[in-house]
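The data blocks that follow each hold one structure.
Here chain A shows up in two complexes: once beside chain B, once beside chain C.
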Partner chain A sequence: MTRRPVDTGSPDRLYTVTGGRSHTADTTVFDLVTLVVSECDPTPGMQSEHVRILTLCRHPAAVVEIAAELRMPITVVRILLEDLLAAGRITARRPRAAAAAADLPESALLKEVLHGLRNL
Partner chain B sequence: MDSAISEAPAQAPERTPLADAADTGLKIVIVGGFGVGKTTLVRSVSEIRPLNTEEYMTQAGVGVDETTGLAHKTTTTVAFDFGRISLNETKVLYLFGAPGQERFWFLWDRLFSGTLGAVVLVDTRRMSDSWYAIDRLEHHRTPFVVAVNRFDDDAAYHSLDEIRQALALPGHIPLLDCDARVRSDGKRVLITLVDHLYKLALAQETTT
Partner chain C sequence: MTLPVAARPRRAPERRPPWAVSAAGLAVAAAAGGTAVALAPDAARSWVLGAVVAGGLCVVALVVTAAVLAGRLAAARSAAHREQAALHERISRSTGDTAHLVNVTLPQMVQRLRDGSDAYDALASAQRPADPQLESVLRIFTTELAEAARRTAAAEAARDDAVHQLGQGVADLERLSATALPAAVATLRRGASADTVLAALDMPGEGRLRVLLEQMVRELGVSERRAAAAQAASAKALGRVQARAVSMLADLRDMQDRHGADVFSDLLRLDHSTSQLGLLTDRLAILMGGRASRAWNKPIVMESILRGAVGRIADFRRVRLHSASTVAIAGFAAEGVMHLLAELMDNAANFSPPIDEVHVYVEERSAGIVVTIEDSGLRMSDAAMRRAVEAVSGKSTDLATLQGTRLGLAVVGILAAKYGISVNYRPSSRGGTGVVVLLPPQLLAQQRGPVPVTGRTLERPRTTQGSGQTATAVLEAPAPAALPAPAPDDRPALPPLPSRAAGAEGSDDAARAATPGGLPVRPPGRTMAAADRGRPAPEAADEPATPPARNPGASFGAFHQSQRRKDPRPPA
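Right, the complex of A and B next:
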């Protein structure tokens, strides 16, 4: 069977890619800017979208970047990412988790952002 | 062993990867009417060419389905673009250009929750396009600044004071001019927003 190139989210395509699931994935784990990192290389026989994600995320990439690269709606990408996360093939760096863990106040984070912008 | 030639990458990488230490993605939204310069502003400050992506948008249909008695829903997709700024080794700022029209706002709620703040981009020839966005941001308590993108063919020049009045914008909300095509202007708009956010956060932290 030959795969068609991935197109942008026709309902049939969504059904194929996600194995018929259409539930809303947990948006707190996979926010638009959650950074995703691969924990393994693609293996033969893997679903082609999973292969593409694992290849793309050898370096961190945000959920929204993955969606743009795969040319798929965010919702579809979230479902694919959930599968990979459940299988331990990726890790998710959630937005502001590091700041929250360090118990940093919002102002400290914003100061860092300001500093970064001024240095552009 | 393979030759050096076969080890060369088959094609030039089409995307610039983030630093491996990147661990925190942050969001700022640029909202405004059609053609106001959202994508231009994103492009002027982004380290990558703006990318386009889309999300499903489910809307309750008008009327009720006669056979089922249920209000029918229609699903379409809505596109939005974004750019990226690596602030340092660990923090990455994503800038989203979002349509400001009324029918897109629940998309906002879903996609842009947790945003640091917003920039409302205004075209003085179509000032009323911004009213709805400003209203909703105030309602959501999402902090924002207003940037006026000056177009060359704008015959009637309005001063910032006149614009503030027309938008019924409270005095504490920063309002500034910009040319969305100019990188230093885009940078200034973002710094104005984050400086505003910083002051709000400090005030909040000292009262709690």
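Right, the complex of A and C next:
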């Protein structure tokens, strides 16, 4: 009998990570680009994914980034983030794209700057 | 006994001799005739004389006759006396003979015959009685006695023979049951063929016992072979099912990454079903002497162990895990521990009300890791508790002790015995039953660094792109994050091909696969060939494809290369 190759993956199945849940209660809270910031440090006894999210989000991080770091599907990360949000350990903030666009300088001004730079 | 002596012969009465009487009579008659003649007248004297003479003659004749008769009578009497005496003598001799026969000869004969001499010899040497009838009696007696003695001897010989045979048979039976059969059964269990066992067996002398033993050994051999074949066949078939289930799980994980939220819940449900299927097949495979479906080559932290265990049971939502432990179980034992905990959790969930929760606590103690699984179901009866304790003790791992479909605890017993895990039952403070599992320290991974070297080196081959990022991620968080992110277009083939391991990796990884002396190191779970492929590529390139004919230059080159191989970091 040939020896089977060993498993290099993880024994965790995703439904055990989410506790059996497969979707978030409120799908509007976390967008793909919602910025997440941790509000407290991880405490012992927490789920390891929560610990990693809190560590990652000491600086604001988007949901997709967290998902990429955790190597988990977005749906699972949303469920985890929802748990943390409900416990008050993180805050979520939508990037205000419209406001950011309004704050940008005028394109004419930019053209002038560009022109001035070329003339240097 | 003595016979009475013959009667004394009667003595003849004393009598006067007959001739005296006759002479007296004759004298009296002569006197009377003389008297008559004297007294007679003369005239008549002559007549008287005549008459007297005549009378005298008559008397004389009478007397003579009487005397003759008396003589004859006396002769007859003496003859009778003689005969009587002879008869007496014969009787006395006969009595003596009889007495001799009875008192001397017969006991002698009995003694001789008992001593084993032949009847004819005994007869020849014995003093024969004169009486033919007694002799006949003696002969008949002797013959019969000899016959009887012969029969007795034959019977005794037969009896001795029978007793001997019986004793031998009993001894054979005892040896058979005490040593021969157990030894034969033990040898058969070890997989020897019936003929081998029979050849090595100390066969009893009794033919029927030998036949019996041979038949038994052959039948037992057939049964053992049948059992072993059934076990091997089922283990093999289960191995295929296990491999299929594992690849299904990998595919499902892949799909969970690739597909969106719309099918995610369905995928999770499928995943759960497949995991339960894995538990069932692993249970059977372990019972059949096979392997678990998965084998981990890196330490698995306790949280993942618990999650991996709980994910395999149907009611995993009812199980609450309380673990703050950061210890990891060594890779070789991780799957066994997971399966053991899954079986115990499955039991706890199945035998408690469907609304109650099952709590799992993990404590770190100096004796190892204590995992407590408590349910709040019905308290187990004493008999059930005893059976459960007996089953999980792992003392009897024979399939013959299995009861019906309750296989889980038997598997727990097998795994506990294999890894030295102690499993104890006790009443739970929550009202149900508590199971205390003590994982001994030798099952725990040594925590020298974040991740042992083997786990990291083997992690790399899975990621062909961006391996540096993977390595940092693994370094930051050991086990749970070890699952690499598969690229959408590069579906990771399960099982991952170890042959792909070496080529794309740098010399660092390759150098780690060899000792400083240049010998290849086989990482756990890889074949030697795969490990050898993982060694520095330049060596393989420098090796001549076909060995040239032996010449001094080639020998020197080989020596030079062997020196170069000692360099742990050969030029790439």
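The definition used in the following text is that the second predicted complex is superposed on the first by the 81 of 120 C-alpha atoms of A that agree within 3 Å, B and C clash if a C-alpha of one lies under 4 Å from a C-alpha of the other, contacts with A are read in each partner's own complex, and residues count from 1 in each chain.
The rule is short, and it goes like this: a residue touches a chain if its C-beta (ideal position, glycine included) is under 8 Å from a C-beta of that chain, and two chains touch if they have at least 3 such contacts.
Not measured: the values here are computed from a predicted model.
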| message | So in the superposed three-chain picture, is A:P44 touching just chain B, just chain C, both, or none of them (first/second/both/neither)? | response | second
| Which partner does A:R52 reach: the first (chain B), the second (chain C), both, or neither? | second
| field | First, second, both or neither for A:E69, with chain B first and chain C second | value | both
| query | In the superposed arrangement, which partner chain does A:E106 touch: chain B (first), chain C (second), both, or neither? | reply | first
| task | Quick one: classify A:T91 as touching chain B (first), chain C (second), both or neither. | result | neither
| message | Under the contact rule defined above, give the chain A residues that sit at the interface with chain B and also at the interface with chain C. | response | 8-9, 11, 68-69, 73-75
| Contact set on chain C toward chain A in their complex | 236, 239, 243, 246, 249-250, 253, 256-257, 260-261, 264-265, 268-269, 271-272, 275, 291, 294-298, 300-301, 303-305, 307-308, 310-311, 316-317, 322-324, 331, 334, 338, 458-459, 462, 473, 477, 479-485, 495-496, 498, 524-527
| query | Quick one: in the complex, what on chain A touches chain B? | reply | 8-9, 11, 27, 31-35, 58-62, 64-65, 67-69, 73-75, 93, 95-99, 105-107, 109-118, 120
| For chain B, which residues count as touching chain A in their complex? | 15, 17-20, 22-27, 45, 51-56, 75, 77, 82, 84-88, 90-94, 96, 110-114, 116, 187, 190-191, 194-195, 197-198, 201-202, 204-205
| said: Could you list, by residue number, the parts of chain A that touch chain C in their complex? | reply: 1, 3-20, 22-23, 44-45, 47-49, 52, 68-71, 73-75
